[in-house]
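To keep things simple, chains are lettered A, B, C and D as they appear, and every chain counts its residues starting from 1.
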Amino acid sequence: MKPLREETIAVTDQDLLLVFDETVTRARVDGWLRYLESAGTPTQMYRLGASHVLPVSGVDNADLLAAAADLPLPTRRVTRGGEAWLGRREIRPAGTEVSLGPATIGDGSVAVIAGPCAVETPEQMLATAELVAGHGAVGLRGGVFKPRTSPHSFQGLGFSGLELLVEARKRTGLPFVTEVVDAEHVKRLAEVVDGFQIGARNMQNFALLSAVGQSGLPVVLKRGFGCTVEETLAAGEYLLLEGNDQVVLCERGIRTFEPSSRFTLDLTAVALWKQRTHLPVIVDPSHSGGRPELVEPLSLAAIAAGADALLIDVHVRPEEALCDAKQALRPEQFAGLMTRLAGAAAGLGRSLQKR
Amino acid sequence: MKPLREETIAVTDQDLLLVFDETVTRARVDGWLRYLESAGTPTQMYRLGASHVLPVSGVDNADLLAAAADLPLPTRRVTRGGEAWLGRREIRPAGTEVSLGPATIGDGSVAVIAGPCAVETPEQMLATAELVAGHGAVGLRGGVFKPRTSPHSFQGLGFSGLELLVEARKRTGLPFVTEVVDAEHVKRLAEVVDGFQIGARNMQNFALLSAVGQSGLPVVLKRGFGCTVEETLAAGEYLLLEGNDQVVLCERGIRTFEPSSRFTLDLTAVALWKQRTHLPVIVDPSHSGGRPELVEPLSLAAIAAGADALLIDVHVRPEEALCDAKQALRPEQFAGLMTRLAGAAAGLGRSLQKR
Amino acid sequence: MKPLREETIAVTDQDLLLVFDETVTRARVDGWLRYLESAGTPTQMYRLGASHVLPVSGVDNADLLAAAADLPLPTRRVTRGGEAWLGRREIRPAGTEVSLGPATIGDGSVAVIAGPCAVETPEQMLATAELVAGHGAVGLRGGVFKPRTSPHSFQGLGFSGLELLVEARKRTGLPFVTEVVDAEHVKRLAEVVDGFQIGARNMQNFALLSAVGQSGLPVVLKRGFGCTVEETLAAGEYLLLEGNDQVVLCERGIRTFEPSSRFTLDLTAVALWKQRTHLPVIVDPSHSGGRPELVEPLSLAAIAAGADALLIDVHVRPEEALCDAKQALRPEQFAGLMTRLAGAAAGLGRSLQKR
Amino acid sequence: MKPLREETIAVTDQDLLLVFDETVTRARVDGWLRYLESAGTPTQMYRLGASHVLPVSGVDNADLLAAAADLPLPTRRVTRGGEAWLGRREIRPAGTEVSLGPATIGDGSVAVIAGPCAVETPEQMLATAELVAGHGAVGLRGGVFKPRTSPHSFQGLGFSGLELLVEARKRTGLPFVTEVVDAEHVKRLAEVVDGFQIGARNMQNFALLSAVGQSGLPVVLKRGFGCTVEETLAAGEYLLLEGNDQVVLCERGIRTFEPSSRFTLDLTAVALWKQRTHLPVIVDPSHSGGRPELVEPLSLAAIAAGADALLIDVHVRPEEALCDAKQALRPEQFAGLMTRLAGAAAGLGRSLQKR
């Protein structure tokens, strides 16, 4: 991408973000930092992948143009506004690809991540993993720390459950994501997981966001069920500011007055995120609807609305599940879903991601 | 369809609906009415299209079986429950087809009804009608009575606007639907319209529902933005009870805390209605999102969730619209939408309805 | 109140409402109408009680001042904005008093209107009326037309139930309000009722609002459970525009995600209305909470938030009620409530209204 | 309180909680633990203040009665149900008093805790503290760690701000509460604070709840703005299970479709909590309404609905506030509020708490 011509970096009275090409080294951007400090408008350098970004405000045009003669030109100049800075679509118009082990979220294909809500037993985890791998999932899901509304409910197997996920990955070759609920667990988990999931109840647990951001690992950030589209972007910004651009936003339903489903899936949010941020979007139709018969129509609708990926609860024997049994797909339901998804993806000019 | 065998009409302690085949005449069903009255459990006969339906409760099994020897057997026996009786999917498992002039909603194809939010001028209405007809719409929309939040806003052209819809129909051959806001207008409108629309604010205006039901004309019933999936089914029941089965339920977004879109489109409702009622479902992505850039993703998602039809705001010059200007598609946007819809429909094993 | 001095009627580029003193006759205000028409900015005269109000826009200051030399000066000049014009607090800062028979809503006292949700039998209606009269209610409530979600539910006694309300009024001396659901019923009901109630489901049934407004009778306008504070003001405007200022806004709970109560009572709305409109406010804690044990705390909270009146469901034998049985207060509960209300009102510098 | 008679501990098929008098030592309750384990129904001992509580299920009646001959009798037997066990009103019908330094929340009086949203400067904090102390507040509030939606907003002064709260306490004698956002901060904060506040965004941050519970200090637990009445009780249970009964539930508004206020204050929740839990309830009218003119009516309504305490934002110069400036009361507004509160409390048979 060509640098902007000189006149385009002229700063008006609006605040700007200067985005530099990946080839511009940190050392060269440092020149801008020094210059802006000397000009009485000190700022801070941010990183998005290999690019550097500088917020600028209150600088005189002529001075900026003069400085630009000796300093690297920014590739892109973005007006600052709203909660998201680094997450804004304009910063990276082509979109971000998130690498979850060998899988990719955000490359245009439809990626399906599936597995049990909670890891329960070796038999359950391994059988479910092989099932979903056999039908075309490219990633596994499974919770070992379950943030439960009541302290009297099953809280997950904890670290011991992690071994089952590792074993499932070994047998199937699929990467896995699992939920992290405590900033203190991040380092230990980061040694084995392929990606983190931050649950809806923790979307605004900013201490946890920072810790997970620092891990550098991919993270699925679930929208809080009482939080807005813009607040979710702002929460993602906490991850991006740690220099981690491997962030996937997850729509999983919001709280509304409607009692027929567990939550109301907000696919308008998916469409808005695809327009407003470069981060890819995943949808969880299982926890949203809370009923297996809703998973297929909501999955199809999600990819039609633009979702890059789906997060699906599957259980080889849902009637024995310890957690959220009611919503998991049975094996034959999952198989049917994958077939229907392949058709729909084709109709949308996309395809199911293959391993 | 074969009548149920004798033993299946045995009544337990639950209330039932006995559904008779279309070939069973009213006179023969009258025999059941007389019998049930004589048995001390009088009931009322309902009609769904050409079928008759009898609610039954508190009848002794043996007596019912004995009576059935002389009386026509019901085709179908449905447990009563929930707000909807005549609208329940089990009453007519194959679904209802609604005929809007030459167009059909509910036959498996995707029907697009499009036009301006409000009829404003001859130029606007006719140009828009020809535009949407040219790109494959099978029906027209256009409001002449606009129920506006504020009495100080433009309220529509009233009956004089109706002539423009009639002229547009004449030129394009497309049937039209228009909103009715007053029970007193029903008869006059019924002489010219192809179908009625009942707006979200009037979904529980039961006097209006009855009047429209009695017209026998097709009706698009919009879900109230504060009303539930089940309440919408119950409102539809008011229309069905008038003997009118030409009812289309419309999802057009509900009120939630999310401020980024005008309403939150509830596609879970679409999936639930397709499972719970035999009535076809239409989605209005224009009024829901309130932004033209949301219309395409929400339209694609709606048909993927199972919607039978779409109701789209189109305006030849949105910047001149007197009402809801912001959400109308421009001509080129509508053309692009129809192309994308055709692809998506194919991927879902469906097709766009043609004239 | 003294007329504004000349310079205060100067119009800037904002739209204004000119409010005239009650002593300024229609004939004299007509002079302004003629003047404005001749100046190329024709407008329309509105009436609020005995005052006249003129919206003005786009008039040149100097011309207006010159005209004012020969025309009556407005008492008050209000900037137009928002949905409400005639309902704005600034139009009548002292507030509006609504006369319901001998009772008054909006005079600073706390008025309690009570009775059964639905009129069912002579015994029930008369016993309940005497009970609530005995404990200090100043008005009766009782529904004869019940707008029910399902057409299969009890719809009320209709006009025959009206006689029971009339008899209850005769025996107790209390005026009554009853819900109207059909514009065609307004004239017949207006002959006997003391005041109308427009239900939440009909708040935006604009044909009904106009018909009720034209009756000139007091009306309790219930907020739609999916409608906003401002939309309720706009609905009230439909009544005011008919020249009827006897309007009471009713908060009765809105739809939210919270399932523990039937609706969520929005007392912030009460506080906002008291600041934004001159119309008095009544609260219905019975339908909001849907539980008798919530009625007392919500009633106390309502008057503390500024409500002028309360609308309470009472039933002499709630277990026999045909409609909304669960929320009605028993006789001893109502007696306790009135005692507690009297204490709370005193603490707020107010008092319970007496007959 | 007298122990229940023998027959009342008979267990049916429902699960129970056995609550022991404070005089029954842990050693004696241990006898029940051993007995139940030997009977094949092992359980766990919980503590609520000085009382012990045992959940029991699946025990045979006769065996239990026989065992009770040698073991201490429970004072109270409560059927288990819902998310809350230790928090249920029936466990401690007289209610819990929470001691915040010299102040008490839950003793029937109305306790007012006031101060700035965020601690900003020595002048601001100390002047505000002296102001609120002078007008009758019994506790201070002030945030040093602000959980902000956007990482680009002011995040609070951190530990350095704590010194200002300590100094304010020293000068006024008032205890203070401050928000904790990170489990790692709990120990350090516990050395100086009088009480913790857990913010709405962290209500379901269960790692934080456990850490704060273990501190043994009083805690104000704010309801998540997307969380239900029952979920808040369940979150409180996480604190209670750590043996800490010094918990105050805080209603601070929920997310709804209504845009006129920042959140919708749910006073129905206050009434429900007062009926369902023994924990005291505080209301935050400042963050709920988001406008200073709403603070007085909402405060009055809150205590009328049964709230034990109020949490009020006050700022000596709101126009200079770095955070949530718009909602803080000015000095004269706070003075007026305290006067009105005293009157209302008297009318409710209560009084403002004095130091």
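Everything below uses one rule, namely that a residue touches a chain if its C-beta (ideal position, glycine included) is under 8 Å from a C-beta of that chain, and two chains touch if they have at least 3 such contacts.
Keep in mind the model is a prediction, meaning the values are calculated, not measured.
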Pair in B-C, A-C or C-D that repeats A-B, with over half of contact pairs matching by residue number: C-D
Between the pairs B-D and A-D, the one where more C-beta pairs touch: A-D
Where chain A and chain D are represented by their mean Cα positions, the distance between them in whole Å: 35
Separation of mean Cα positions, chain D and chain C [Å, integer]: 38
Centroid spacing, where centroids are CA-atom means, of chain B and chain D in whole angstrom: 50
Multi-partner residues of chain A (at least 2 other chains): 226, 254-257, 259
Complex contact set, residues of chain B against chain A: 226, 228-230, 254-261, 264-272, 274-275, 288-289, 293-294, 297-298, 300-306, 340, 343-349
Residue ranges of chain C in contact with chain A within the complex: 226, 255-257, 259
Residue ranges of chain D in contact with chain A within the complex: 83, 85, 147-152, 181-184, 201-202, 204-208, 224-227, 231, 234-235, 237-238, 241, 254-255
